[in-house]
Every structure is written in structure tokens, then in C-alpha cells.
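A short write-up of the structure that comes next.
Labels run A, B, C and D following the written order; every chain starts at residue 1.
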Amino acid sequence: MSEYPVQIGPARFANPYFAASGCFGYGLEYRDFIRPDELGAVVTKTVTPLPRAGNSVPRLQETPAGLLNSIGLQNVGIEAYLRDKLAPLVEAGGTPFVSIAAETMEEYARMAALLADHPSIRAVEVNLGCPNVDTGGDRDAAEARAVERITRVVKDRLPDRAVAIKLTPNVTDIVHLARGAEQGGADAVVAINTVVGMDIDIARARPTFARVRAGLSGPAIFPIALLKVWEIAGAVRIPVIAVGGIASANDVIKFFMAGATAVQLGTLLFSRPTLLAEVKAGVAEFLAARTLDHPHRLRLSRAGALEVGDPASAILG
Amino acid sequence: MSRPGQFALLLAHPSLHLVRRPMSIHDEGDGWRSYMVKPVGPATRELVGLAVGGQVDISPPLGNGFPRVLGPDPLLLVGGGFGIAPLYFLARRLEAQAAGPEVRILYGGRSARDVELDALAGLRSEILPSTDDGSLGFHGTCVDRCVDLLRREGKRAARFTVLTCGPHAMMAALYRAVHGLVHEVYVSLEEIMACGVGVCMGCVTRTGEGTVPICTHGPVFRGSDLVDIALETGHV
Amino acid sequence: MSEYPVQIGPARFANPYFAASGCFGYGLEYRDFIRPDELGAVVTKTVTPLPRAGNSVPRLQETPAGLLNSIGLQNVGIEAYLRDKLAPLVEAGGTPFVSIAAETMEEYARMAALLADHPSIRAVEVNLGCPNVDTGGDRDAAEARAVERITRVVKDRLPDRAVAIKLTPNVTDIVHLARGAEQGGADAVVAINTVVGMDIDIARARPTFARVRAGLSGPAIFPIALLKVWEIAGAVRIPVIAVGGIASANDVIKFFMAGATAVQLGTLLFSRPTLLAEVKAGVAEFLAARTLDHPHRLRLSRAGALEVGDPASAILG
Amino acid sequence: MSRPGQFALLLAHPSLHLVRRPMSIHDEGDGWRSYMVKPVGPATRELVGLAVGGQVDISPPLGNGFPRVLGPDPLLLVGGGFGIAPLYFLARRLEAQAAGPEVRILYGGRSARDVELDALAGLRSEILPSTDDGSLGFHGTCVDRCVDLLRREGKRAARFTVLTCGPHAMMAALYRAVHGLVHEVYVSLEEIMACGVGVCMGCVTRTGEGTVPICTHGPVFRGSDLVDIALETGHV
């Protein structure tokens, strides 16, 4: 199988197929099904400054072609993560892409400093699931400025690592936020986190989740994610890492055409650990049929409709 | 080879659904495994609606299963409804042991319809059915039946280990009723699952260790390890 | 079959089951499958001040549990609508809930004045699919103010009709917009219009739709719509009309529990014209089992989890 | 009873899909209708994968169909690939007329594999297959074959009516090649559909009348009524 190396800021990855945060644990839980070195990177479960017990059950509910989750960022905390979880993944040949989330600038600074001490960490993803900022004046712009500040705080402490900012789709204009990340010095943006939704348990006559709101993932959100990736890739110069509903090689090809540099497999891994192999084979075959040497050649120009017919000319680098 | 109390994730193939559903392993032999699927919702209805030869997506055996060593003291297996599935498998394995422990199976349901004695065919252990409406066996819940049985055992009750699988409310009531009387109670918990391997953190319960995935740290827990032993906080 | 009358502002409807705009034409096209008088109201295809030819084909693309559309508001224009389409629907026993969209306040004023001349129009839905306003200062607030102004312009000219404002979910905070509609004198808000998404035709290596963006509807968006309805119903005092992904009686029950006063069936009608009958029967059965006399009794209190067990006590009026 | 050229919306039941797919009616009799489904994508693969006795969601016959009155002048039915389905039905009905018009069927495909002469079994009309690779019948496209045939007819060509169904590119080429030679060309258009009854406005084409739904104003159009007669602007 061909590997397609990708460069994101200072970091190089053996291939553009990553596991999404929260969908691959700390990297070894799935090892009987997917060896961590088969993935370009493992974006590990988001860790926070302190351990979190997460929300009460139920935490999951299937919806049409989707999955609602209300996990509540249950995690061991950054210290236990660095002590117990990081080394085993590296030893197993995995490439950790460490996901972090915090509530204040100080916490972000402290977390970034802790990560900086670990040279085996090549890349860090900042999970801005829901930018939680004061809203004085124009809220979107305020959020974009907050994104910029958080990015800078983290990147300043990790100049030689890839810092990627993961964005929520639950805003009027995600491109605003992506530009904020770019301004702040991010090496990439990751789009998208889950879409907010809810469910109601009609037998019990109450919202299914104690916190009512939950995050929707899975194929249902793929068209939403694809548009966000297309819009961001058209607006920033840094790489976009695409995530949201990937269920086939064709979905991955669409993300590459929309301008993604790498992709993350999420919810579908739960039911179909063979998805990674399917994606690798499917993309390789698609490229081979068009004598293209790298998925990045799939990126569409924005000039408008492309030539139909000759596959090679149909695709502009 | 799987262990009694382990489960697999199943989904008809193709399916209208996204997430595989956990099912206890009910039996296994050379090249086959069986499951008892109760059609409670769309994905289980798909499974029971499969034609002979229909395909199923299926994971390897997952979870801890019941304790590897049980006995020589006597065991009570208390099953409510489809919770009987892993207990059947456990009884089969125990019966296959040379000089295995004494095993009795308490199998409760609302009424005779819900107590599928066929599912226990071929077991040598004593089977004590109970129904809420008295239409089969003991008139009352399997919890009542268990308390009744232990009372009759007198002092010997303290040597019993109880292993239970069924609706959470039933298991909670059972635990509350008997944990002071017997040596140990093991419960097999249910919760909505997605990954089955401790990754998604969807299926947790609180134990002395913290909030842990049921799919990896369980589904079988020592009752006394569970913080929410009232179990009423569980979803199911 | 029991009918459950509902009141929305000055207008009364025989039942709370409406057809969604764009999914039932001008009301008679489906008459071989659904008689218009079986619906509480027919929200007709959005009309604009002038006829519109719409977008180029393709205009539709199925996605997992969803449908992307890029119709481009093809319609006959308000004048032809009033001349040719309105009376036949009324004669067939249908209740027209006329959907309109415009680009300027003047156009809204003119359309409302035209509608006012037709006493057979009991209700008007203003399709603010994508509020297209200047963004000086705080954009969300600006949008909310625009929603308020549009609402007032329409309502002022239609004081004795129900005026409902249909909102887009593609904003950071839909509640803001709903409050704007309430402030402007709306009799109801309608949530949600389609969620923006896109698709790519990988064989042709170009976006499937000429305009790239398209609107996602169908069961995929149901959890998104449910949350929006829940949030709006908790924030405004006017009725909420719920729309988005309804595929079963249970979905409708969830919308009522979330606080909806009426619901609209959309995309699923295309494949399953029997859905209306299913919904009517399923809701009636659910209510009967709990000896409730109207779907509005299903509305959940916000106080937190409700009693489990006794269905009657589980539901607070 | 349906008319040749009408279609129905079909979806396997249950299906992984949401939207029923348009299929031309290929034949009908007392209490049955048949369709020719080419497995080009997921929903058509589901349909062709159905077991005998499998269920299908299906709409009543939709669309206008071919003109009700055809003849007495001669007809050429030009089918590309699965476009042959409604032409078979049309030929059957025409043959059943007392003193129906002369009918010849031109049936083209890439190669012999794509020309399913079985689908035309039982017709009395003359069938003229063609293949791009020459593996069956005329060596060339059915457009070439049609032009060839009309040329041989000389002046009589002007009396012919051509009715065609197939890939848009083929129909466009056919229209351009023959509309000056013959009396009239009818084309059966395809476009992605959802409602099938003119409600969703998904399946439009431009005609002299404006932008109209293919599902109600078509699928059969007089070629000269179509603005985009180049047809290349169509999706399919």
C-alpha cells in the first residue's frame, strides 16, 4: 500500500489518515484491530488540566445515520496522560497528536508548557469545541480574537511542534474562527467537531441526556463538514484537517477535493475498524486510475466547474 | 474461545443502523457462537428478522466475563428475562468442570411467556423459574425467590455466591436484598455502547476506582465495587 | 381519528400537522395521495416578488439519511400565485399558509399588502432562510434586529392573520433571532429551515451543485432541529412550529415534548406520502395510552427530569 | 394502466436510502409491472439485490409518457443501454394496435454485453442492434446507425418520427444529427428526482414554457421544445 506523507507545520506524518479525538482513546485500546502505526497520527482523547469524570449516563444515542454523545470530556487529566499514556503509544509505533482543552489562558499556557517537555509529541490539537468567551460587541469577531489568543499562547510554547486548532461548526461563520487561528500562528485548523443536537426519551418523557445538548457525529454530518472544510480551505493558507462523518474512501476523496491536507476517522471506527484499510485502498486506487501521486493533487481549483472526461486534466494540483 | 459473561457487538449487515449492539454470548462451540436477541427496538428487530444465511457484523468477544474461578462453594445464577443468556453459558461451563460447584438457576419473568426454558435445554443444574403473575413456577419475582431460597438455607446462605444478569431495577433490588446474606454478589451491567473497547467512554459506571467503562472493566462487577449500587442511576 | 385544533395568533387550524414549504408545492400536486384538508395547513412553496427560474440542475443529492437541495426558490412569483394557485387550494378544502421571501423591506411591505387583500389567507410564513443584512457591529444582534424589522413590516399589514417567521439554523444562536421575531410581533416562529452543506461529484471532480452550498434536510437533521425547537420554546412565549427531519410519529411526539405547537412534514413526504396518516394515528395512540386530550399536553417542563413510570404524571401540561 | 414512457419511483423496503428512484415502466400486465434496473449506484444495487419475494416501495405511474397517438407514419425507437426499457413497452403497445405503424428499434450499447436482446423478447418489430466495438450488429453508435438508416430511406426519412431514451449525450447527438431529417424527435429525459409529482422542483429542464419539472411535463419532450437541446447542460 502506498503511503502519502504529509507535512503540517514543523511536523511530518507518514500518511494523511488520522484517528479523531475521542474515537481512538489514548491510542492502544484498538490495537487488536488497528495498529497505531498504520495511522498517520492518533489524535488522543482530549485531556484537560485536571481529570474529569464526565457526564452521567446515558451518554450515547443513535440517530438517523448519526450518533449523539454527551461524554463530558471524561479524561485522566494531562499529568496522568503524560505519565501513563504517552510513552506506550510511542513505543507501539504510534504518532501522538495530543488533544487538549482548557478554560482559561493560564491553563492553556500551563498545558502547553507541560507538553513542550515531551519531545515525542510532534503535534498538539487544541479542542475549541465551544469557544467560551465574553461577548462584548461583535460576538463572532470576539470569538475569532479569542481563538487567536489561545492559539498564540499555545504556539508560543510549542514553536517546533505542529499546533492545530479544532473548530466547532455551531457558529454563523466558521471561516472567521479559522482566520483567527491562522492569525494566531496555528499550523493547521481541524474541522469539524460535533454539531449540537438533542434527543428526547419519549417513554420517560424527558431529554435523553441530563445536559440536554449533545454532539452529533457520523455520516449525517458529512455534508455539513464537507462545506466547512471547503470554505475554510478557500480562506486560509494553513492546512485543513478534515473530520466529520467519514464512512468510505469516497468521503475521504471528497475531503481531499475540498482542500483537506489530512483526514480524521471518527465515529465509524466504532462499528467498522476495517474502515482505515478500506480508505487506504480506495484512495490509492482512485489516485492510480488517474496517475496521481498524492491525495493533495485532488484539491479542486475554485475557478469553477472543471473539465469532465480526462481524469488527469480534470484535477488541478 | 470466549468466557461466560463476555459479549460481542452485533449489527445486521446491511443495516439501517450505525452502531453495533452489545449481546451476551449465550453459547459457543467449534466454529460457532449463539446469542439470544430480544427484539426491543429497531436494531434488535433487524437481527431477529434476519433470514437463515443472513449476514451479521460482529466483533470478537469483549469484556471481562464472570470470575474465572468460582466455587467450590455453591452458586446461585439469577437471571431476569434475556439476562438468562450469559448465565446459561456460565452454567454450561461450570457443569463441564470436573467436580464443579453446585449451581442453581433462578430464572424470572413477568409471566410464563417471558421465561424461555428452552434456552436452558440440556443443563443438569437445578432450574427454578418464577413469574410475577404465577403462571409458571414460583409466584413472585426472582428476587423474592432468591431471598426465599437463601432463607431456607439458613446459615449455609453465607457461603453462596450470587451471579445476576437482568434489568437493572431487578439487579439492584436483588443486591439490596441479599448482599448482607451471601458471600458475594456479581452483577452484569448494561449501558448503551458504541466502541466496546473502552475508547468512547459511552458506557461508564462509577466504582471505587472511578468512572470506568462497563465494556472493559465489566460488564461483570462485584456488587460491592459499584458506587451506584442502587443502580437506579443507570440508564437501562 | 381525533383532530387536535391549534391556535396560532389570530388563526385556528384543524390540526397541528402541516406540510413544509417546498415539500408540498402549491397544495394540490399531491392530492392523489394526501387531500389538502387532511393537513392543518399547507405551507406553500415560498413565493418571491417576481417569478424565479431557480438554479441549474442538478438540484438534488441524497446523503446519509438526508437530502441536499439547491432549488434556488424557483416559484411563479406572488402575483401568479395569488391569481392561479390560491383559490384552487381553498376550494379543495386546504388551508393555505403562504410562504414569502424578499430581499428588501419595501418588497416585504408590498408582498404583505398584496396578501392582505385575500381573506382566504389565514396565515403567512416569512422564509428568512438566510437573513441577508448589513453586518455593522454585533452581527447576531444585527440579524435579530433585522428579523424584528421584517416581522413588523409584515405583521403591521396583516394584523388579523397569523404571521410566522421561519428561521435558519445556520447561526451561532437561533434564540436571538426568535426573540427578534417575537419583539417584532410575530405570532409564531418556525424552526428549522435546512442546514447548509455541500457535496462533491468525485467522478466529475467538481462540487455537485453549481452554487456549491445546498440545504440539508431529512432525518439526518432531526436531532439538530429538536434542539433548536427546545431552545426557542424555552425562550419565547409565542408558539413554535417545528420542522426538520420528521420521519415517524415518535419524531412528532418529540417535537411536541420539546414545546412545539404544530409540526411540518417535509422531505419524508416525497418518499412516504403515508407519513401524515402514520403520524396522526401514532400521536393519537400515544395520547390515548396516557389519557391526554391534546398533543400540547406533551410539552415537558424545564424543571429537570420528570417522574418515570406513571405516564400521566410524567407529563406536565 | 400505465402508458409507455411513464415511470414509477422505486426503493427497496427496507432501504438504506431516503429517496425513491425513478424507473421507466418496462412492461405491465394483469396485476403486475416490470422494470429493468441497472445497478449503477447504491439504491439500484439494493433493488437488483432483492431476493424473490423482497419488498419494494413503489409509486403509481408518473409522468406524461410518449405521445398517445403515433403513426400511421413510420417510427424509429432509438434506445441506448437501459433506455431500451420504455421503448420495449412502447413497441409492445404499438404492435397490439390493429394496423399500427411500422416500428423499427435501434438498440445501441458499448459492446454485446450492454445490448440485452432478451429484454426485447417477443416483439415482432425489426430490431437493429449496434455496438461501439462492433461485437454485435452494426459497428458504431446507435446514432450512426440511425443516420445511416435514414439516409437509405431517402426522401421517406422526412415522414419518420424518432423516439429516443438513453444517456443524455447520446440523445443530444441523435437530436442534432436527425432533427432536420425527420418529422419529429421525442426524447425521454432523466434528472435526479425526489417527489415525482412536480412539487420539489428538483428535476427541471428548460422549455419554451419556462423551467418545468421533468417528472410532470415529461419525461418525454418534443426535442424542439427543449431549450437546452444540446442537453449537455443536463446532469446525467
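By definition in this document, a contact is a pair of C-beta atoms (placed from the backbone, for glycine too) under 8 Å apart; a residue touches a chain by one contact, two chains touch by 3 or more.
A quick note: this is a predicted structure, and the numbers were derived from the prediction, not measured.
The geometric centre of chain B is 59 Å away from that of chain D, both derived from CA atoms.
Per-chain Cα centroids separate chain A from chain C by 33 Å. Annotation: 38 Å between the Cα-based centres of chain C and chain D. Mean C-alpha position of chain B lies 47 Å from that of chain C.
Shown for chain D are the residues in touch with two or more other chains, of which there are none.
Among the residues of chain C, those in touch with two or more other chains are 65-66, 218-219.
Arrangement of the chains shown, judged by which pairs touch: one closed cycle in which each chain has exactly two touching partners.
The list of touching chain pairs reads A-B, A-C, B-D, C-D.
Listed in rising order, the residues of chain D touching chain B in the complex are 14, 16, 51.
Within the complex formed with chain D, the residues of chain C that make contact are 22-25, 29-30, 32, 45, 53-54, 56-62, 65-67, 69, 71, 74, 218-219, 267-272.
By the touch criterion stated above, chain D contacts chain C in their complex at residues 9, 11, 17-20, 43, 57, 60, 191-206, 210-211, 216, 233-235. On the side of chain C, the complex with chain A involves touching residues 63-66, 68, 137-140, 170-172, 195-200, 202, 204-207, 210, 212-214, 216, 218-224, 226-227, 230, 245, 247, 250, 253-254, 257-258, 286, 298, 300, 305-306, 308, 311, 314-315.
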